[in-house]
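Each structure below is given as structure tokens.
You will see two complexes here that share subunit A, one where it goes with subunit B and one where it goes with subunit C.
And then the complex of A and B:
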């Protein structure tokens, strides 16, 4: 019996790997190895939670946005982020897990969200820096994920990338306006740059030499480019954009390498990265407590909606 | 009709949209489900667009010396003319949805009439706004029915919200000299004619939601004269803080 099951498992794996090899996309009804499914649930849910938790630092500035136009753009952007969260929860659900289970995993700490949102959005320039640097880093990663092997994830990424490039432009526009403004605005913009630059570089994860989750992810074409490759891509395009508006990159060791055609950056403070991941960043506790509180406060609404639905069902 | 009457009329409409947008935007990351985070920020977005269009027109009426941003960000508490109901804190989801129902039903009848205004700018704004308001009204109505006829807890929360907010609904139909002058010119809307329609509409929704409208009683007033609740000052100090702190900055 055991041998028969093993043989079935092996056949699934062989067929699956053949598909991957041919560059076919894997769809929800296709048979797939358990490890692939688990890896995707972990990655997609982390991505969905990041979109949703990311609404907190930005939402924190809607009521204080300095012009009607800025308020409109920020509202539209945050609404997009929530929408991305929805598609991504939908993509994760195709793998056989419900949204309420995913939220529970977030609340118990089993599922993570992007570390970047454990930093506070202190001034209006931070809204610029989040759009330009954080969304800018996210896009580099997401463009690469448009070709990921799991169909629903890849299609979600195609939609998301279109909107994210608008987000990055709005962030850059805020920074550009501030750099063209008063001395106080320029200082505010540079200060935001100083605080968000390094955490943005950390968004790509550990160096390739010490990245624990990359093995099967490459083999199964979930991941198409390495952390360091993506990080370089981000740095190369961002350094130039910073120069155009007169912002200084807070890295004295940053230099252009003629041979590789890339910028080389100074040492990343991985101690800080691990400290924040372990829950000791400035906002970890605040973000999670807020999400849990809101979820609990909304319980009566969800229960009432369900009770009403059942009443209507009985009446029909 | 003086430009001043029309200007004040625009400020009322613009301020209603701006302040309600502010309150709705506070639901971002605070709603009971992600779909509602999106819906409520979407309403806030519609309203800020409306505020911008109307305040821009108001600024043009005054010769464009002040921009729509100046009107939003540089006026004080006594120069704002939004209805008191728009500035009240959100309370729970029940209170927000009841408030939305009361306001969206009012706006549905108001903008339906304003579409017929002889002022082409206002009639164009009304036509665009009406499309959005229909959606807000549908959404709020669905929730009021669902929560009124949901669980014992949701029913109680809804009834409490209605009992509290009812005294702020009289102000929606208040009129003064500005209204009279603009109605005569075919520019403004006769609110007296809207009130029975609004009342019947709300009564029907309440019936479907198994909720009750309170006995007619005392109604709050003040916004026509720029007299507000204490809440407005807090909204303005938060909303206007960057413009006030850095008066020379361009954002």
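And then the complex of A and C:
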């Protein structure tokens, strides 16, 4: 009996890998190895949670945006992030996990979200830095994921990428405006740069030499570029944009490598990275408490919607 | 007693402009059809992506089984007469 099951598993794997090899995309009803399904649920849900938790540091500034224009833009951006979370939850659900389970995994800490949102948005310049650096880093990753092998994930990425570039530009515009402003504004922008630069580099994850999850992720074409490749792409693009507006990259070891055609960055503080992942960042507790509170506060709305549906059904 | 749920799953199909095919955009959660329509609009058409939306309860959709693809989608290549190139046109006739 066990042998028979094993043989079926093996056949599934062989057919699946043949498809991957051909560059075919995998759809929800296709047979796939358990490891593929699990990896995707973990990655897509983490991605979805990041979009939603990412609304918090920015939401904090809606009431304090300096102009009506800035407020409108920020609202639209945060609404997009909520939408991106929904696209991704939808993609994760096609793998057989329910929305309730996904939220429960977030609340119990079983599922993670991007470390970057455990840092606080202290000044208006942080809103600039988040859009420019954090969304900039996210775009580099998401552009690569447009070609991921799982169809629903890839389609969500295509949709998200179309919308993200406005986010990055609005952040860069805030930074450029502040750098063209008073000395205090320039200092504020540089301060935000100093605080967000390294966490943004950490968004790409550990160096390729110490990345534990990437073996099958590459083989099964979930991941298309390595952490370090994507990190370099981001740095190359961003250093130039910083120079144009007069911001200094807070890395004294940063240098251009003529041979590789990329910048080389100084050592990343992985101790801090692991400390924040383990729950000891400046805002971990606050972010999760807020999400749980809002989820619980919304319970009566979901129940009322359900009651309304039942009442309507009875009337018909 | 009503229990807290994440509401029902609906699939969203969008027409990008009048006359175009309706294309699957993604899914939303909603308790009824009017909420599904509103959520679909807010989630999938914030930048004029659509001029018309269909929402369908996911449970009402029947999908083909990929395991049956070979049989189900057999291209019937032996029925060459289904293609216009099968037919011999008289030498001087113009194609319509």
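Basically, the second predicted complex is superposed on the first by the 316 of 316 C-alpha atoms of A that agree within 3 Å, B and C clash if a C-alpha of one lies under 4 Å from a C-alpha of the other, contacts with A are read in each partner's own complex, and residues count from 1 in each chain.
As a working rule, a contact is a pair of C-beta atoms (placed from the backbone, for glycine too) under 8 Å apart; a residue touches a chain by one contact, two chains touch by 3 or more.
Please read all numbers here as calculations on a predicted model, not as lab measurements.
Asker: Could you classify subunit B and subunit C on subunit A, in the superposed arrangement, as clash or fit?
Answerer: With subunit A as the common anchor, subunit B and subunit C both fit in the superposed model.
Asker: A:302 in the overlay: touching subunit B, subunit C, both, or neither? Say first, second, both or neither.
Answerer: both
Asker: Thinking of the overlay built on chain A, is A:163 touched by subunit B (first), by subunit C (second), by both, or by neither?
Answerer: In the superposition, A:163 contacts subunit C only.
Asker: After lining up the shared chain so the two structures overlap, which partner does A:4 touch, if you call subunit B first and subunit C second: first, second, both or neither?
Answerer: neither
Asker: If you tally the residues of subunit A touched by each partner, is the higher count for subunit B or for subunit C?
Answerer: Of the two chains, more subunit A residues are contacted by B.
Asker: Applying the document's definition of touch, where does A:252 land relative to subunit B and subunit C: first, second, both, or neither?
Answerer: Neither partner.
Asker: First (subunit B), second (subunit C), both or neither: which does A:314 touch?
Answerer: neither
Asker: Using the superposed model, determine the angle subunit B, subunit A, subunit C defined by their C-alpha centres, to the nearest 10 degrees.
Answerer: Computed from the C-alpha centres, it is 80 degrees.
Asker: Quick check for you: in the superposed arrangement, does A:79 touch first (subunit B), second (subunit C), both or neither?
Answerer: So A:79 meets both subunit B and subunit C here.
Asker: Once chain A of both complexes is superposed, is A:93 in touch with subunit B (first), subunit C (second), both, or neither?
Answerer: second
Asker: Looking at subunit B versus subunit C in the superposed three-chain picture, what is their shortest Cα distance in Å?
Answerer: Nearest C-alpha atoms of the two chains are 6 Å apart.
Asker: Just which bits of subunit A does subunit B share with subunit C as contact spots?
Answerer: After superposing on chain A, subunit A residues 76, 79, 83, 86, 299, 302-303, 305, 307-308 contact both subunit B and subunit C.
Asker: Can you list the subunit B residues touching subunit A in their complex?
Answerer: 18, 22, 25-26, 28-38, 41-42, 44-45, 48-49, 51-52, 55, 68-69, 72-73, 92-93, 145-147, 149-151, 153-154, 157, 235, 238-239, 241-243, 246, 248-251
Asker: Hey, which residues of subunit C end up touching subunit A in the complex?
Answerer: It is residues 2-7, 9, 26-32, 35, 42-43, 46-47, 63, 65-67 of subunit C that touch subunit A.
Asker: Can you tell me which positions in subunit A touch subunit C when the two form their complex?
Answerer: Listed in rising order, the residues of subunit A that touch subunit C are 27, 29-31, 76, 79-80, 83, 86-87, 90, 93, 98-100, 103, 155-156, 159, 163, 299, 302-303, 305-310, 312.
Asker: Name, in rising order, each residue of subunit A that touches subunit B in their complex.
Answerer: 52, 55-56, 59, 62-64, 66-72, 75-76, 78-79, 82-83, 85-86, 89, 124, 177-178, 180-182, 184-185, 290, 294, 297-305, 307-308, 311
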